[in-house]
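Take a look at the following structure, please.
Every chain is named by a letter (A, B, C, D, E and F) in the order it is written, and numbering of its residues begins at 1.
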């Protein structure tokens, strides 16, 4: 059984992530979505808690017909040289890594993993940073760039206000 | 939607745990199984990694017809006074806590949670400690006390040998 | 009894802080001054130790007639999502939070606290950053912006030299 | 000005501690009561939070006529070889250490401090361990061994129940 | 070039260790002596600092004609599942592990290392625990069980007194 | 016996470092080269592991006729106010500190150490930052600025690729 991991911070989980999950889950028997920097929240670059991000993803998956996806929050270790081993220790066995982040790709490749990367369309808009910027400006178009599950969570927790207040 | 958490270290996941999961998942819309002390492994009281324990549980659930269960490994915080808040931060919202551990029950009750407890039959045999003891003695009857998923994982990783070697 | 906390890093404790303490202590029965990032010292943005900062504040209070003030150094937790609970765990009960920092205000408000904020006069000069800048330039006017207690401590520890040397 | 520190975990703050504080404060201009293992709570040996222990002490001092006492919660460092330096970093300058614990006395003496020790009367009863044992048995005589401030806090937080529940 | 590591806490470095170092260094081109639990000191089971233990070993080696030995203090990680990778990250490449500790042997073998073990003569006397016991009793025969380098360091730092004082 | 320490991160160990080691070792009986931030690797500013950096230095020393040098990797403590004491705890006794970094010099001087500094020729080229920049550009002249031991290690681990990939 081929198992893969998809790594991200998901601040918030947006349509670019969703597109990658769609492709990744089609290539493996089981896909583990790893919510990185799980311990970070209530700061400018990481406004949402791991629980909130997990809910965004689970609510989005619940609306799909995908059945082979697991979501796991993982706290940072502060040791990139041990990061791959840390994930091997904390997660079920995996053999493929999905990522579009250069250093992450290199790190897993040095440890012998097969890494698959995706070209993201509209990278400029479809990034967590860009979407938080739109939210901070009070522009309601952020809703166009995230799936329904994310929109629902952000509205419930008044997440736009949080993004605004965490700005320095 | 009522959501609940079931807390344990699952060293290993055994039939007593399975019985409690069966009851708990029937009472909630979503059950989150929290693998505590996720960072601990390769020591006498905690021989199995979080990834191995997660696999035991996932393989067992895959053989059931339960569809409302999530499994999440959580590292210790070393702060019991913040433990409940730590779980609130890391997990989707939950309102019920399932546990048969006295201090855990008290901790969540002080923070205002509704806690449900179970009488476990055969507590003497159905404990992780007792099962590891049987394994360390080289007695094959440990297999009678764990579900198929756990048996499969322990055999694949030669877990009986590991339990023996970690003894001091 | 109404109890309040006033949060800051106090690098160093200056006249702006003093003005806020004066107002805050008049509104509560007990005021707890929390020295944040207590573990940080001997770096450019945080030159003074928690002990030195505590002494600056205690010596200043000793010259006042306020009798309802407590000073407590608190180390960072690295978890903003748990920060409010961390303070609840480490301090006597409090119900009011005094702060002029946007993210801090939002964080406590999300957790249900009443937060009072102050307009600081001369914010440009009365900030720790601005005062350290003046010290680093060798300009003796820094003394005009801090209370006697702070001046005394900085002179005793040759703090101006330390601020200069920690520059990169 | 001679300043001293008095170290303890204060689980809970009892009459033996009070007797030592009385003697210690009479010998120095300023006494800093350090609440050690501040991060520990909700476990068998350390049931009370730092905030609760701080309140026990402050309420007790408020009933005395002592005016030279400061109370500071300090989290463990996990490095006994750096412990003395850690306290020097976190606290105002001190020159005398009050303690009745052998290893603590030796540690400060090796670093060149003057340590004063006390013979505690009724050591068997007047220890945190003994008092928690009495509480766990449901015996109301624990109240005889603690000052009013401690009694008040424990009753407010239903501390006897907590002590009972944390037993394993 | 074959390189090996020899792991221990060396509290203190004794003749049993010396005998094993002698054998191990003869089998490899380079031997790295790893001082484990380097951060622990001034407690009953770990009285000596990493610096003191390093000096015991270096002074002993200086009296030998061995030239292929390196000594490295390593702080604990609190993650046995990552311990082997942690050493791979912190040390020059090694291929052989020398140890007489069961769990350590199993841990390195699971990760694919070749482990060599030794039968220690007089294990009952030649253990750190036994030697600290003799020291605590004020019995001067501890000197017979340690090399000159260790004896010299312990006398210089008045280590016998420290061992006595750390007893609880 | 005069013993000294030379502190650096050595990302990578270059000719400027080598020149300073040459001078420093001539002034002391024993020189301890401390590899700082040992836990950092696989990131832009710190691409090489402690083990790799240690090998660069050991291979370089092996080509010299210096016999009084020890190399020790030390993980960060996150407490500059305790940094000097941390090194005293982890290392054999030392009395001289060699450094060309302003804050480090000031930190040791405040704690009473004798610090010796060097003027580095060609500081602009001979810095880790500058050399990593040259490597990232794919310019082979980086080899001119490092000793043979460093060149050998970087080529073996394909370190130029790593430096390129860690860029963000």
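What we mean here is this: contacts are C-beta pairs under 8 Å (C-beta built on N, C-alpha and C of every residue); 3 or more make two chains touch, one makes a residue touch a chain.
Note that this is a predicted model, so its numbers are computed, not measured.
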Shortest path length from subunit B to subunit F (each step joins two touching chains): 2
Of E-F and A-E, whichever chain pair has more C-beta contact pairs: E-F
Euclidean distance of C-alpha centroids - subunit C vs subunit D, Å: 26
Distance between chain centroids, defined by C-alpha means - subunit B, subunit C (Å): 44
Subunit D-subunit E separation of Cα centroids, rounded to whole Å: 37
Interface hub residues of subunit B, defined as touching at least two other chains: 41, 49, 79, 81, 89
Pairwise chain contacts under the document criterion: A-B, A-C, A-E, A-F, B-C, B-D, B-E, C-D, C-F, D-E, D-F, E-F
Subunit A residues within the subunit C interface of the complex: 39-44, 49, 161-162, 165-168
Subunit E residues touching subunit B - in the complex, by the definition given at the top: 78-81, 83, 102-103, 105-107, 110
Subunit E contact footprint on subunit F (complex, rising order): 38-39, 41, 49-51, 54-55, 58, 70-73, 75, 88-93
Complex contact set, residues of subunit A against subunit E: 79, 81-82, 85-86, 89
